[in-house]
Structure formats: C-alpha cells, structure tokens
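Below are two complexes that have chain A in common, paired first with chain B and then with chain C.
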Partner chain A sequence: MDKTKKYERIWILIIMIYLLIPLAITMVYSMFQKWTKVLPEKFSLSGYGAVFSDKLFLYAVIRSIVMCIIPIAVTTVIVLLALFVAFVYFPGLKKFIQMICMIPYSIQGVILSVSILSFYVSVNNIFSNRYMMLCGAYCVIILPYMFQGIYNGMNAIEMSTLMESAQMLGAGGMYAFFRVIVPNIATSIFVSALLAMGIIFGDYVLVRNLTGTAFENMQIYLYQIMKTDSVKASAVFVIIMMITFCITAAVFSLKGKERIGHHKKRGRK
Partner chain B sequence: MTRKKYGYLLALLPFFVVALMYEIIPLSMVLIKSFLPDEGGSFTLVNYKIIFTKLLYQRSIYNSMKISLISSLAGILIAVIGAKAAHAIKGRGKVSFMLILNMVSNFAGIPLAFAYMILLGNEGVLVHMGHYLGIASLEKFQLYTSFGMSIVYIYFQIPLATLLLIPSFDALKKEWSESAQLLGGTHSLYWRKIAIPVLMPEILGTFCILFANALAAYATVYALMMSDFPLLPVEIASNYVGEIQTRPGLGGALSVVMMSIIAVMITLSNILIKKLQKGVSRRG
Partner chain C sequence: MSYIKFENIIKNFGNVNVLKNINLEIEKGELVTLLGPSGCGKSTLLRCLAGLEPVTSGNIFLDGKNITNESPKKREMGMVFQQYSLFPNMTIEQNVAFGLKIKKIPAEQQKEQIDEIMDIVGLSEKRKSYPDELSGGQQQRAALARAIVTKPKVLLLDEPLSAIDAKLRRSLQIEIRRIQKELDITAIFVTHDQEEAMVMSDTIHLLYQGNIEQSDTPSNLYVKPETRFAASFIGHYNLFSAMEFQELVKKEIMAKDIAFRPEVVCLHKEPPVEDDTYVFSGKIRDCMSHGNTLRYAFDCHGKKVDVDTLFTSKKEWNTGDSCFLSIRQNDCILFGTE
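Let's turn to the complex of A and B:
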C-alpha cells in the first residue's frame, strides 16, 4: 500500500511542477536582462521599476478595481434578493433562477459579449455606453459563481426557521432577512465575491469585444505591453500572478473555515 | 398574508431585469438575427449556407473541434491521474496540490499566452535552452501552430478538470476497495473494474465541460495569433468587432453553430452515461 502511495506522490509532484513551470520561468525572466542560454544573466529589477513608474499602469489597476466593485455589488444584491424570495416564499422559483444563472456558464464570454454589443450598439442612449454594456456583461458573467455560493450558503442554514423566529419576535420580512440571514451567510457571499473578482480580474474577452482598447484594464495593459517590451510585460505578469494568488489563497482559507464551521454546527446537533 | 407574500415578488424584479437585459434578450436576438440576412430582408438560411460552404468557416469549425478534442482528452487523462493521486495521499500534500490547482485555474487568457511566449515562442527560454543543450524537440518547437495551441490549451484544462474530479474520487467508498482486496483483487484490478467504471459519468461530464471550455476559449488564442488562426470564437468575434463591416447575421449563425456543437457533445455523453449505467449499478 505504501508503495502505491509513493507513486501517487510522484504523480502529484510531476503535475505540480508542470503547472508551475510557466509561472516560475516567467518570474525568473522578469528579474534578468538576458536569457538566451541555459541560465539567465544580468540580474536587474528594471522591469518592475518601469512598471511602477508608469502612470498608465496605475490607471489600469484603478480601472480593474472599479470594474470589479460595481458589478459584484449589483449581482450580490440582486441574487440575494431573488434567492431570498425563492427560498422563503416561492420555492418553485429556485429551479428557474438556477437555470437563468447557469446559462452564462455554458455560453461563456465570446457569445455573451457579441450578443450584448450587437443589441445595444445602435440604441443611442445610456445603454449604448460601452462601460454600461461592460458592467452589465460582468454582472451576467459572474452570475453562476455568485448564485452557487449564495445558494449553498442558504441551503446550509435553516432559512425558514430563522425567518419564522425573527418574525415571531416582531421583525419584518426584509429586516429579518438583512439582519439575520445575510450575516449568517456572510462568508459564502464573501467567497463568491472573491471568485467573481478573480473572473473579472482575469477577463480579456468581454473588455476587448465591448470597449476595444478604450478601457485599459490590467489584462489589456499586459496585452499592449507584451508586444513591445517582454521584460516589463513579465513584471506585469508577476504582479497579476501575485494578485491572483492572494485572491485564491483568501478563497481557499475562507472555504476551509466555512467547512469546519458547518461540521461544528452539525456536531453540536 | 398572501397579498404580502406576493408583495415579495417585487424583490425578484431587479434580478429579472438584469437577466433579461443582459442575458436573455441579447442571446435571443443572436438566435433571431442568425436567420435574417445581413443585407436586410426576411427569414433566410443564407447565413448557415455561407458557413457550410465557405472554406474559412469550415476550417475554423474543424480547427476548433480538433483542438478542443485533443486538449480535453489530454486534460481529462492527466486529471484522472491527478485526482486519483490526490484521493490517495490526503493530508498536507493534497492541500497544497489543491491550492496550486485553484490558483492556476484562475490563470488563463492573456497571462497564460504571454507565459508560453516566454517559454516556447520563437525566442522562448526553453527554445534557447533546447538549442544550447541540443534537444531538438524543444529547439524546433512551433508555438504558433495548432499543435502549439493544443499544448497551451492542455495547460488550462488540467487544473479545471482535476478540481472538478477530486470531489468525485473522494466520494468513492473505502469499503469497496477493502472488499475488493478481501476477495483477492489487486489494487489495479479495483481501479480498472470498479472505481473507474463507477466514476465514468463524472469523467464524461467533466469531459463535456472541458470541451465547451476549450471551444469557447478566445483570449489565449487571440493573444498568440491575433485573428490569423481560424477558430470559431475568433470568427464569431471578428464578425461583430472587425475592422470591416459588422455582420451580426453571420456572426449569430456561427454562435448558433458553436452552441449546437456543445449541445451535441452533451447529448452524446448523456447517451453514453445512460448506456454505462445499465451495466453498473450506481452508488446510492
């Protein structure tokens, strides 16, 4: 048995190395000026210096952050409200809401972006604003992740019991929902928001198809720079990688905690 | 009370407004426009006719299916090995494996394309290394071909597939492998005859997700090849945001073709799963 375990460990190691090679090599590449033989030569952090002194980079970071916050906030609220009504008052609607939320998962970026573009491009009002379209598209593309997280969270707590006791104590429906239910599933909401952040942060398809290169977020910035300056671009790459890693690590540890929390609850019963 | 209950339907309104405005209506319009000629006029199948007669579109469908199939097959194979290993080792090794998978799964599109350019592009680090060390397969590696594309695609398929499969492998019951051993079966016999057949529906389902994922992938290939490499998503986008005139009818028809390919794939795998389930009784 131990021998097979050893083989399994080797497999895991091979896959991990394979997955980390592109990241590691690009990281090393970003810190040297020349790499045309086996080992890189001339250590230098000039790539990072160039990135951090570039105002366009700063703007790209700000754009990325702003474009994360608005759609995530909007989608969190609308999914919360919809699922709350479905869970407490109209359970029959759950399946329907789920279906709508899962469509973007199977359609994915390209078709969604071109469909929104061709529908709104000629209407000539606020909705034909490119940023408005992008915002709407992001709201929809993160629906599957927001839905799944919030749905699982609501499933894990006993919503109707909590609501009933809150209402018996005199709280109104909405009040009870925001003061009792939402705090109880805060971790689930936060985890799905982080996942959604990862999606929006890594997006290139929607932003390119809907705004061209007018809205230069981190991905567009990297794309523009990688054609001209590969060392600077690799520095941007490392920064994007670090941010992605932080988001992932946060999701990972929160999910772990959540799982332990649920186990404890079940144990107490 | 009932009137109050229906009052709560108002809370559903924002969700449905957003879903209608940015999902349902635009997608329906794509479907409708695919049956309207771009020159104006009424119902027609001319857009579909163009797709199935013009070489460019035939080739893009062929390329897309080829790369998606190759990368999904390779991805699922490695993922089965990885998920099986993760299931076996447990503990801290598994946690760090999962962490890396989670991180890498977020790592696609432009950054991934860039990393592969650094690695295996014409002036890539590994290409230089191969030249210096005399490894011909590295030195002569061609990233900007359908083979090179498949290699990049396989990279982003592995973490997605492994993450999807690990829970299914973890759901395997310990008693089964113990009973198999008690009855004198070897470790590999257990995997071949019991575990893998039981997991087949999940493996096929994951394969479908990989296939759809590869078929729709756009950023990676665009970053590497611009629009020079005919693939379905590239052709779809170029009919809407091209430098030339936009052709929503043709683009819509291409989108419908792409969605149909995915639908066919899912149907096929469902049929296969049903057939398999006749032979194997599933766990409760």
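Let's turn to the complex of A and C:
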C-alpha cells in the first residue's frame, strides 16, 4: 500500500469516527437506566422494551411504511410508463421528462409544503385531504431519485431492439414491456425504491407542515416522545437509524450485484 | 405469382427520402440479399416488411395478401437483429420458447419444437445458459433459433453477422444457408458485405440511395454489373471514364465509362501483340497479400489500376517493377454506350 492510500484511509477512519460518535453515544444513552451525577448506575434495554410494547409506536411504524409504499408505487408506475413511451416511441421527449423530474431537487421541503398547502387547501375535493397532500408531496420529492434509477436502467439495456424482438415474436407492446423490459430493469427499480424509502423515512418537514401531528409517523412519534422521555426517544432514534441503515445496506448490496453483473457481461463479450 | 411483393414503396423520415419507389418481388423459398452501402435504405426496407416502420406510400404483399398496415405480430415473420437482442433475463430455452408461448402452443409440442431447433442450431447443451454466458456466435445462433422456431412465413436477417469475427462469420454464413435450405424458408438477408452476399444468396438486390440499382444472381452481378455504382461496389472493379481510358490505351472507346475486374488484367514483361486487347504500361506502387491472391496497385501514367494475381511461392513481380498490362476487350464492361 503506498503512502497516499494509507493517509486516505486514516482520514476516512477519522471522519467515520467523528460521524459515528453521536450515533454511538445515542445508542449508549438509549440503554441508560438509573442516572447518577456523572454516569448511569446500570444499563438496560428497558427503553427498547417500552418502545416495542407501545402500540402507538407500532401504529407509527405501520403509518410510515404505508406512507412509503403508496408514493413509491405511484411514482414508479408513472415514471416507468412515461419513460417507456419516451424510449420506445418518442425519444425526443426524454430530455423534457428528465428536466421535469429534476425540478424537485431544487425545491426545499418547507417551500414545497407551503406551496401545496396554499394551492390545495381551499380546493374542496380529494386533493384537499391532508394525507392525500402528503402522499402527493412525497411523490414529488422522490421523483428525481425514481427517475434517475429507472432512466439509467433503461439506458443500460437495448430497449428498442428488445421491444422489437418481442413484437416480432408476436408480443403486444405492454406484454413485451412487462415481460421483457421490466424484469431487466427490476434491480434499478428496486434500488430507486429503496433510496426513495430512505428519503421518506427520514422526512419530518413535510409531514409536520402538511399534517401537523395528525399523521403520527415514526418521525412525529419521535418528536412527541422526546418531550417526555429522552431514553425512550433515544431508543426510537436508534431503531429509525437501524431501519435506515438496513435500507442503505440493501441499496449498496444491490448496486454491487448490478456492477458485478455488468462487469461479467462485458468480460464475456 | 411472387411470394413477397413490394409495390411502389416510398419511405420518408421527415424531409429525407430514404426509399424511392421500390418495386421488388421475391419468390418462395429463396434467400435474397439486400446489399448496399450504409444509409442506402436496405435495413429500412427490411423493417418496412417486418412492420417495424410504416411506409409513407406503396403496398407490401405477402402470399398475395396486402400486409402494408398489419402490425408486426400479425405478419408472422421471424427476425434476427444485428445485436442478437436475446432477452437477458431468460435462459436460451426460455428465449426460444417466448414466441411459442405467445402463440399458445401446447407445452409438449413446445418442448418438441425447442428440442428440434436446438439440435439444428447446435445449442442443445447451452439451453439452460443465460445469453451473457454465451459467445457472440452462440448468441447469434440462439437468436436464429428463436426466430425460426415459430415457423415464420419469412425470416428476416438484419446484418446478423456484422458483430462477429471473420472466421466465425464464414462458418455462420454456411450454417444459416444450410438451415434456410433445410427448413425451406423464405429469407431476406441484409448486409453491406458483398462477399457475404455472394456466398449466401440466390438473388442479390443491390440498393443505392434508396433505389434498387440491380437485381441479379450473385455471379451475374459480379460479371455483369449494369451501372457504374454496381461495378464500384461489387468485385473491386477498376473504373475509368472513357476519356481517361482512351488516354491510357491510345484507342477510341465508344462509351461513357469503362470498368474491368482486377483479375482479368494480365502482366507481361514485353508488350503482347493481340488485336482484341488493350495494352498499357505501369509501375507497381504497392503489393498486398489477400491470402490466396496478391493485389498489385499499379501507377499507370498517373492513374491507379488494381491487379489481382494468384499467390505463388515464387513472387514474380515486386514493388517498383515496371511491366505491361493487358486486358481483353471482352472482359471490359462499358457503361453509357451510344
């Protein structure tokens, strides 16, 4: 190992330690039991026990998961179909779709929530429902991530020729798309969905601004619990962190598999 | 009545006129080649027949039925693409079964047909492999199997061998021809490689700038090109305007252009005395080996003439040598005779 690489690793290690310290301390703090002047008297998992036995926490987890799945499913279908049409029938539209999908990158959560509220709150139909607004806002927020993943996946395969091959074998457009194209970009779709899930899981601004505390998802639950019990709050924080960590690990593992797959393909050609 | 008929086919992409009133007839069981340089419209014509591109005007008939506005899946044609286009998420067997499943062929019959086609293309042992586990040649054979397993009315091959190395290409050319004859299937092959067209075809349709330049058997196209372009594209003809050639041979030429193949030129140390022969002198500028032939590039009073001779172990002529070149008048092709 040369010197530069050695220094690089040392720096990475220092940064990692710096970033992990607050997390580690939170984790330790979540296991504190009886507080003395300086250190706790003993450690226990009672904070976690309290969290997992709290029905409100379970509901918050379910709410968070439901509020993840719906926007991701809606956005996936919209982006998939839009890109399918653009790739196969109107290639000129690709750059416009890309432009539109990239806009949410530049919109901050506060601005988005205020805009949605001022626009839809006075509309007396389904869109003025707070949960509907939140769901819509998540669809907008995750749009760039979903778009980029699916776009890259479609770019990586020869979509037009695959579609034409399937059509020549007697398949209709939609059959060919769902039987041939979608399975070949499934990993990209899944990676994008996991990224989007991570983003929604970590959101507090949108849910707070759009629903107040009416929609108690994990972030709101954490906020409420922080007011009453700091040890329990730390336990909730650690659980959220673990879930996010699992999602990130899944994304990286799938990305790795995708790269190996492509490498294998190139190597054999 | 011909099996496939193109009637006044015009195809425009925006303002670009790619196919200009194509009229073409293909007999059942034939393997015909659409040959031409890049951008001449040969692939577009094939895609129009497949239904992947709509024609701007004109009609296409298959077995007497007008299929101009039919969708690709209703045309019952098989197609092999240049990039193989096997479905990467499916095994070779699943790829081959794809068309059969869509046609709702019973499972037992599917298995029989797949077994048979795998034997024909020699991929029986690779049926459980994924496309990325196969070599280019194997992938192309799998693509061919997938295209013909459904017993299509016509097999379309869009430059299927252009991404394959020369040796494998030659063996696949023979294999495709064998399979086509064995199954007695009508096939249309698109290529820009004239040698490939010569080896494989019953008939070659030479395309140039959206027009059919000449339709003929491979040997006729080689020996009797009808246009200046056909001569320049097929057989590496030496092409001269009448004036240029007159200056060279000091004889009057009653045509607009003249062409002769490199292998009809004879080399002599002394000028031959023959009445029906054009004779001129030249100096060897370069010599290239093409395996069994040697191609000499001559400088004949400022004009380049290519001459092919059979390769012999004792090389008779070397770069820098001067000699006399003779061509029998009957071996010259005249264009624009008055």
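We adopt the following convention: the second predicted complex is superposed on the first by the 260 of 269 C-alpha atoms of A that agree within 3 Å, B and C clash if a C-alpha of one lies under 4 Å from a C-alpha of the other, contacts with A are read in each partner's own complex, and residues count from 1 in each chain.
Here is the rule we go by: a residue touches a chain if its C-beta (ideal position, glycine included) is under 8 Å from a C-beta of that chain, and two chains touch if they have at least 3 such contacts.
Just so it is clear, the structure is predicted and the values come from calculations on it, not from any experiment.
Three-chain overlay on chain A, with chain B and chain C fitting side by side and no clash.
Note on chain A: of its two partners chain C and chain B, the one contacting more of its residues is B. Applying the stated contact rule after C-alpha superposition, one finds that A:Gly212 touches chain B and leaves chain C untouched.
Legend: residue contacts after superposition of the two complexes on their common chain; A:Ile103 is shown touching chain B, with no touch to chain C. In the superposition on chain A, A:Thr228 makes contact with neither chain B nor chain C. In the superposition on chain A, A:Val180 makes contact with chain C only, while chain B stays out of contact range.
By the touch criterion defined above, A:Glu164 reaches chain C but does not reach chain B.
Geometry note, superposition on chain A: angle between chain B and chain C about the Cα centre of chain A is 100 degrees, to the nearest 10.
The least CA distance from chain B to chain C in the superposed model is 6 Å.
Chain A makes touch with chain B in their complex at residues 1, 4-5, 7-9, 11-12, 15-16, 18-23, 25-26, 29, 35-38, 74-75, 77-79, 81-82, 84-86, 88-90, 93, 97, 100, 103-104, 106-120, 127, 136-137, 139-140, 143, 173-174, 198, 202-205, 208-209, 212, 219, 222-223, 226, 230, 233-234, 237, 240-241, 244-245, 247-249, 251-252. Residues of chain B touching chain A in their complex: 4-5, 8-9, 11-12, 14-16, 18-19, 21-27, 29-30, 33, 78, 81-82, 84-86, 88-89, 93-94, 96-104, 106-112, 114-119, 125-126, 128-129, 132-133, 155, 158-159, 162, 187, 212-213, 216, 218-219, 222-223, 233, 236-237, 239-241, 246, 248, 251-252, 255, 258-259, 262. The touching residues of chain C, when paired with chain A in their complex, are 50, 52, 71-73, 77-79, 81, 83, 85-89, 98-99, 102-103, 132-136, 146-147, 150.
By the touch rule above, chain A contacts chain C in their complex via residues 157-158, 161-162, 164-172, 175, 180, 183-184, 264-265, 268-269.
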